[in-house]
Amino acid sequence: MDEVVKLDAATYKDLLKHYIQTQDEQSLYGVEQVSKSFIKNHILPEEIVNLHIQALSELYPGLSEEFQHSMDFLLEAMISYGLAHQEIQMLREQQLALKSEISVAASMQETLLGTSKPDVEGLDIGVVSVPAHQMNGDYHHFVKGEDGSIGIAIADVIGKGIPAALCMSMIKYSMDSYPEESMTPEAILKNLNRVVERNVDPSMFITMFYAQYLPELSKLRYASAGHEPGFYYNAETDKFQEIEARGLVLGVSADAGYQQYEQDIKKGDMVILLTDGVTECRDGDRFIEMDEVLDVIRTYSHLPAQEMVTQVYKHFERLQDFQLRDDFTLLILRKEV
Amino acid sequence: MKPQSCVNIQKEWDIVGARQLGRDIAKEIGFGTVDQARIATAISELARNIYLYAEEGQICFEVIDNMEHKGLSMTAIDSGPGIGDISQVMQDGYSTSGGLGAGLPGVKRLMDEFDIQSEAGKGTTIKSIKWVR
Amino acid sequence: MDEVVKLDAATYKDLLKHYIQTQDEQSLYGVEQVSKSFIKNHILPEEIVNLHIQALSELYPGLSEEFQHSMDFLLEAMISYGLAHQEIQMLREQQLALKSEISVAASMQETLLGTSKPDVEGLDIGVVSVPAHQMNGDYHHFVKGEDGSIGIAIADVIGKGIPAALCMSMIKYSMDSYPEESMTPEAILKNLNRVVERNVDPSMFITMFYAQYLPELSKLRYASAGHEPGFYYNAETDKFQEIEARGLVLGVSADAGYQQYEQDIKKGDMVILLTDGVTECRDGDRFIEMDEVLDVIRTYSHLPAQEMVTQVYKHFERLQDFQLRDDFTLLILRKEV
Amino acid sequence: MKPQSCVNIQKEWDIVGARQLGRDIAKEIGFGTVDQARIATAISELARNIYLYAEEGQICFEVIDNMEHKGLSMTAIDSGPGIGDISQVMQDGYSTSGGLGAGLPGVKRLMDEFDIQSEAGKGTTIKSIKWVR
């Protein structure tokens, strides 16, 4: 390493000499490269100033005393910047360690919460769920009932990141213990509400939308626990309409009950379920309107469901400058025949 | 508004040419020494990306001069492999871990506005603007 | 903010002038303060160089062209440092956000894993459990049985940090579901082993030492699942001896069995339970010897149990330069009468 | 080995005095310009800590000159309130969050060796050494 630094220092001096004589762009491009190499070799800014003083006094031995003193003064001013610069290395290392820890935890969580799209004749399903940070506080899962029905849960822990993910994992543990596949949406939410109320920190709330699709009846049964409303796309009228469903957020009151609704699904119709990470996307300082989300969905509605949700996600990822502010989950179900 | 001037990037020497043109325009429309140096550094990053990963591409400069403000717009266009995960390359430290370069987050910091579009297999377009203060 | 920066720039110029004339320490102390203020106001190093150029050319209008060019060159070299400097601010913010998330998660975990020292006549208990990072992958808890016995579990998930903590929380959830207070140490470990084997990622292992103190018999019953051995202090002989106990780590094999041991406890005797974070402390590059741990415990053995463990912890915290390499749990039990 | 020289820290002016003495000794035993400036900055941090939080204390300098190497040892002793959680103050960013100072992690970085002992209500002793390279 020391050899590299010595070489860089010699290059610095040569480039400096050349630049003083010609003021050419090439020397400046050269010093940019040298400067990057210095940073890579942990050379601090005050050392660059020192190097500059030395190079210059070798090139121009007759430099004024004023200049010498002024450069010592500048060097002193750079020490604080050097300290800050050293902090970066520490911060980067810590960040790397934290991120790798979180990524292990996130993959544990993925295993725990993992679900796979059910394969149902005539039903096209697409789902995308992307955490704002590494761990997901959104949740969705699919259950195939013995009667051929498809259960779909979509949920959001208030908050995001590690605490939300930890909370979600606990819920999953609790949910595993009862026979969801034989229950109605209202009964499932009622049960879960009790579990959340009993087991989860009182400051943590969970919203959930639970739907059951009954292929033989072409019907959707659903109930909501304060969850962001989804949308129903009517192929015949080519219109979207909000899926209305009322119900208390999980974990607030031990004896909350939930109302169950029904909707007929015809050929070409779509059911769109989402979390508030989709609807509360921001474009700069402006919250987007729900109509914009539906417009984007419409733009890609000629695609298969999985590609549709992927394109919609990409659209909003870019709109938000590639930094999600909340976990983003979008699930689309289309009846094909 | 002045016409666009573009520099093709094929060999390393072209990076210097792009910096020179960018700096000349920047000086002409009134950017100070520090901002000139920042713009030149941003050009280096954009041009190196093309030189290293796309083989072919160009950087175009345009002076923006409307009622409210004056600025320099730079657009880097290449027909390279494209960027798969933009969120990832826009993360700090993704390309800088070895201190090898400022990467795209660096360009974003050096300039005032920044937008990127990329399609796998087709190429990448990066547009950035710096305003005269 | 801008006003502050302008003021700082004026101060810089004054100090520079004074320093060139007198080369006094006071000006250098002054520029250090100004430089800190610049950093606080997000002024980058290349801007300091620019400020220096301007100040100097105002103070000495006749400066040589060579000097001018050389400073433009130095400014160019500083741009990369300026970029790195901006990254710090970003990194600091991200770090802060991550840490506050983790601290919320850690306090959720604390609530979940919380245990309190049982109050038993004639028994002095001290315990300290400090995570290396924010979340603890060590675990201990106390149970008071209906027969007056005291159950003590101490465990360590292989690994540390968030994944270990997440894993620990799951175990706790599972443990809560069976009646520990009526079971023997061997039965408890056997049961837990099955739970861990079934529910936890196969790459995760847990070591646990389970002890039951029976006050009426003055006896300690215990079993170990591959856990770091504890120590028994015999007051009569004034000697420490290792508590030997063999047993497979939890989660390796579904049908592992555990052997149970017994130890009589007399007045003044101590039982010392710990995790490998205590015994694998490092002093520089050197691992400490077990005897050193016991020597330190002996040094503080005149103190009440809680103060004893606190002092021992402080000793090793300092020895390790205030940066724990692993979660540190030390539990001491002394029979007083 | 030379005798110890100490500077009492009571008013802000004493910080400058301590820096001056430290820098003079550093220059004398052969530290370069950069290291002199780093030592002075470390002295500032130590002395400001005493001035701001302990009201009274001193910084002592000692030249270390043995067969193997030469160095400057600085010991800051105060009878202030002491530090409750040393792990916390040794964390980066704990005192620098506002960019207000480098804090103790800064001193540790500026010097080569660093040790701290503190007792609540009794005071703090910080010893640090920098070796001539």
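In order of appearance the chains are A, B, C and D, and numbering begins at 1 in each one.
Following the convention adopted for this analysis, a contact is a pair of C-beta atoms (placed from the backbone, for glycine too) under 8 Å apart; a residue touches a chain by one contact, two chains touch by 3 or more.
Fair warning: this is a prediction, and the values are worked out from it, not measured in the lab.
J.: Quick one: subunit A and subunit D, Cα centre-to-centre, how many Å?
T.: Going by mean C-alpha positions, subunit A sits 44 Å from subunit D.
J.: Which whole number of Å gives the spacing of the CA centres of subunit A and subunit C?
T.: Whole-Å distance between the two chain centres: 29.
J.: Touching two or more other chains, which residues of subunit C qualify?
T.: Residues 28, 32, 36, 39, 72, 76, 79-80, 84, 87, 91-92, 95 of subunit C each touch two or more of the other chains.
J.: Send over the residues of subunit D in touch with two or more other chains.
T.: Residues 37, 40-41, 93, 99.
J.: Touch graph of the chains shown: is it line, ring, star, complete or other?
T.: Per interface graph, the chains form some other shape.
J.: Spell out all pairs of chains that touch, sorted by label.
T.: Going through each pair of chains, those in contact are A-B, A-C, A-D, B-C, C-D.
J.: Which residues of subunit A touch subunit B in the complex?
T.: The touching residues are 25-26, 28-29, 32, 36, 39-40, 92, 95, 317-318, 321-323.
J.: Once bound in the complex, which stretches of subunit D touch subunit C?
T.: Per the touch definition, subunit D meets subunit C at residues 15-16, 19-20, 23, 37, 40-41, 44, 86-87, 90, 93, 97-101, 117.
J.: If you look only at subunit C, which of its residues touch subunit A in the complex?
T.: 12, 15-16, 19-20, 23, 27-28, 31-32, 34-36, 39, 45, 48-49, 52, 56, 60, 63-64, 66-67, 69-70, 72-74, 76-81, 84-85, 87-88, 91-92, 94-95, 98, 101-102, 104-105, 108-109, 111, 133, 161-163, 166-167, 169-170, 173, 201, 204
J.: Of all residues in subunit A, which touch subunit D in the complex?
T.: 46-47, 50, 53, 72, 75-76, 79-80, 82-84, 86-87, 90-91
J.: List the residues on subunit B that touch subunit C in their complex, please.
T.: Listed in rising order, the residues are 32-34, 37-38, 40-41, 92-93, 96, 99, 102, 105-106, 109-110.
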